[in-house]
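Below are structures written as structure tokens.
Here come two complexes built around chain A, the first alongside chain B, the second alongside chain C.
The block that comes next holds the complex of A and B.
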């Protein structure tokens, strides 16, 4: 089985993977709402951090808890908890970002029995020189809560090891992304997404091994397909692999992305320092920002434009989870920026389920128009 | 004469003065720059009294401006259409859509002239992701500097809060330096402290005024409250607001002593949590024909004002200003000022966690002698609505009848007035409240 097939397999059986991990290691599993939960601290506690994700299935269990104008991703994740699919979690943590995921968290805390439910008050004024100190204060409390849960201290050695492992993980995924700069990338956008999403679900040691396997396989890998238009996906949370596969079947390849199940999640490393918590905090404060914690357009847009140019992007799919205000604020100006750089864009709005037929038609039309502009 | 008139009533003596003060605040934006005043944009929860350290200023809070526009559909609809034509979404903050549309159209609602050009935007991030992003758009469009304070500590219940206070106080200190830099002015600590003292006093006064509406009959109806609230929302830092609010409070006490009602037919008292649908305020007048009086809404009790909730005792009492609180130091310099504001914000009911907030809803309901809650499932504000079902269940568990309706508080195109009335009439009928015979 190739590394890509293994990623696919683990993603399809992610709950089983986590439960097996618990059995194999005797460790505990901590779910994370959003990507602002410090993986390094959880892992240093001997626990497996897993991102809580939805399933893109129709559900009717959250309407009693969340107003329907809460974003579909947040409703979908809460639905998983309410349906008992995350009953194996020993803890759930969240880093403060937006109101929607806050709703998921509050309801999880009140209505789902997870042993530890912890809120990290992430300092959202990223530009403030005081943000890192504040986050260290938050991490200190979080660390103590995890230590209480496991009954074991989190040591500096443990933190150093976790920092190194996650930095390696980020470096290896970046190496894979570098190969997507090729004229004919050896990995599709859907496959790359499976790689990143599994990094949010797997033991980092095991994921690193698979990444090393992947990096050995990719140089010789030739895809039995035309690359077509080189597209970028940019927007809010996205783990709808089926959608990306459908899109790429229409004659394009996603060569780069900017969302929290892609580059935005792993791009920045922890710069090790004597004060481990401060080093980790600095990484999360200064990482590639989610628009929910960024009030400076250029903070995000400059990075977006740079990767669009570096990966020779010919068009951009700008999508959003319906009702996701932070992204809705950015989209008009983002489109304007792309237009100024002659990069055509298509904007799509996602719900828990999506209208595949309609989206297919719109994407086909977009690709036809973009080809005319680009070629 | 009819027996429906249970109480005597009369207009507020200070009504006209209140209207003038409110209009003055909005008109100041016309001449602010001419008079050498700073023009600053922010949100209503911002402790903008601090700005007095830079000299005279005019502060436009985006929410009341958006609400005023929303209440006038002929002005509001073109604003929102202009906003949407720029590519922004219809499901975003209703206040913001009216505000930004008005800016894009370059039409200022209160005078019909050009939209104000601000010197800078400065605000608190009390609405997760919302307000700083809103001001970010203004900042880009008007090419003005912006800054904000991240202080929504209400969301946190875990861990020691002290580092959060340090972070918030530190941001206020930094923001003073930032303001000096962007305005070229020197900050006068004493002026900033004095204006914030007035600000705290006025918040407390407005909270006290809202609490007085626990009397039966209620001396003030919610619609009048909404009309007067901009004084405490926009002019909180001014002594003239203290004079007005003191007069209003005393007049309310007098009305209570003499059983002068806001609604002569009062027989059923309803409370709200949120702002109203601004384009549909007539719903309150209509429901008066059922003998229904709306006695208050939680959001403006704690947004334009401050009260102290005694959770163990189940009581709400007027808030004490910070310097009169046990263990709080006198403000002598900017460090004291910034730390006081940070502590005050952290303890303000505005920062109550949702689980605490549920208790406060019950306390204020009992204080106001409510008969029911009316909940607006507001499509124009995510933070206000996200947990509304949870609140509804909690209220019902406490035996409180709850009426609900869905719509947008600031988009007249997104509220079904007939449907809302049908729901409310059916609810009242279920409560045994029929429309009163014609007076």
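The block that comes next holds the complex of A and C.
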């Protein structure tokens, strides 16, 4: 089985993977909401951090708990908890991002039985020089809570090892992303997304091993398809593999992305330092930000434009989860920026389930705008 | 039999002055929409015949039906068609088509054919979708915007209203203009909400005309919102079934303060016509 098939397989059986991991290692599993939970600290405690994700199925179990105007991703994740699909979790942690996912968290704390439920504040003013200190305080409390749960201390050695493993993970995924710069990328956008999403669900040692296998396979891999238009995906949470597959079947390839199940999640490494928690906190404060924690547009937009140009994109799909205001505020500015650089954009709004037929029409029309030049 | 107020008459047209056998190219475009389907046959670069039919429960049959209607009074057989392009919501399920192209590209191309190279903005008001489209002088799409998945303010919503008020759908537009004073619009174009609101208004003693006026103006207002997001560049024109509802179109134009270019012979065939123009281009290209 190739590494790509293994990622696909593990993603399809992610709950089984986590339960097997528990049995194999005797360790505990901590669920994380959003990507601001410091994975290094969880892993150093001997636990498996897994990101809590939805399934894109129709559901009505959250209607009593969350307003229908809460973003579909947050409703979908809460639904998974309410349906008991995460009953194997020993803890749930959230690193503050937005008020919608906080709704998921609050309802989880109140109505779903999980041994430890921990909320990590994140400095509202990320740009402040005191932001890292502020976050170190939060991490100290989180570390103590994890130590209490396992009954074992988290050591500096453990943190160093975890930092090294996650940095390796980030570096290897970046190497895979580098190959997507090729004229004919050896990996599709859907496959790359499976790789990143599994990195949020798997033991980092095992994920690194698969990444090494993948990097051996990719140079000789030839895809039996046309690359077509080179596109970038930008927006809020996105793990709808089926949608990306549908899109790529219409004659394009996602060659780069900017969202929290893609580059934004893994791009930045921890710079090791004497104070381990400060080193980790610095990474999360200065990482490629989610717009929910950042009021500084230019910082993020410069990075977006740079990868768009470095990966030679010919168009950008800007999407948002319905009601995700932080991302929606970005859209007019993003469109304007891309327009100034002659990169056409298509904007789509996602719900728990999406109207495949109508989205297909929009994507095809978008691709035709480039393709029909020949007629 | 109970009257079906939503139902409009299907029709076909044939060019009396053209001999298709003398044409170098004979191609067709078929647009299977969510409510109606059209077929257009192009002999060289002229419309030879076309039809407008109701979409049935499956796309292949709807396509066959529309093409059959268009060809009915001609001696063209399906195998005489040298290239067929399918478009519309059912475009991937049109058995006789050689290629599928989206209705967005086809509407722009069809509007360009009928309205000329000065058309820059097209509003397509269909059975299930609203689209604002910008195109260049060749009818190539440069930008577009579509409504979301809800059917508010579309042909399907208008059908529901016609049924509720028991007014033949073709009369809705004129009747809505036949009011002494323009009533305030209904507060929602959501088909379900608007329907309950209309029932409330009737109970309050509003006439059918006033309720229709309130609904048409709400629909127009919603469309204007969509168009303002994409921006209006002149010349402007309207395609799709609702383009024939003067109650909606006149209110849109009034609110936007622009004129629309009338499309001859029929604004509802823009999609199928655009598809047939693409079919001709593709055929000529394949001969090179």
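Here is the rule we use: the second predicted complex is superposed on the first by the 369 of 375 C-alpha atoms of A that agree within 3 Å, B and C clash if a C-alpha of one lies under 4 Å from a C-alpha of the other, contacts with A are read in each partner's own complex, and residues count from 1 in each chain.
Please note the rule applied: contacts are C-beta pairs under 8 Å (C-beta built on N, C-alpha and C of every residue); 3 or more make two chains touch, one makes a residue touch a chain.
Being a predicted model, the structure only gives us computed values, none of them experimental.
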First (chain B), second (chain C), both or neither touched by A:361: second
Larger contact residue set on chain A - chain B or chain C: B
First (chain B), second (chain C), both or neither touched by A:164: neither
Contacts of A:331 with chain B and chain C, given as first, second, both or neither: first
Touching partner for A:369 - first (chain B), second (chain C), both, neither: second
Touching partner for A:213 - first (chain B), second (chain C), both, neither: neither
Interface residues, chain A side, partner chain B - complex: 63-67, 69-70, 96-100, 102-103, 106-107, 110, 118-121, 123-125, 128-131, 133-134, 136-138, 140-142, 145, 291-293, 295-297, 322-323, 325-326, 328-329, 331-333, 335
Footprint of chain C on chain A - complex, ascending: 349, 351, 355, 357-358, 361-362, 364-365, 368-369, 372-375
Residue numbers on chain C that touch chain A, as the complex places them: 89, 101-105, 129, 140-142, 144, 146, 148-149, 278, 281-282, 285
List of chain B residues in touch with chain A within their complex: 86-89, 91-93, 125, 127-130, 132-137, 140, 146, 148-150, 152-153, 155-160, 162-164, 166-167, 170-171, 174, 354-355, 377, 379, 382-383, 385-390
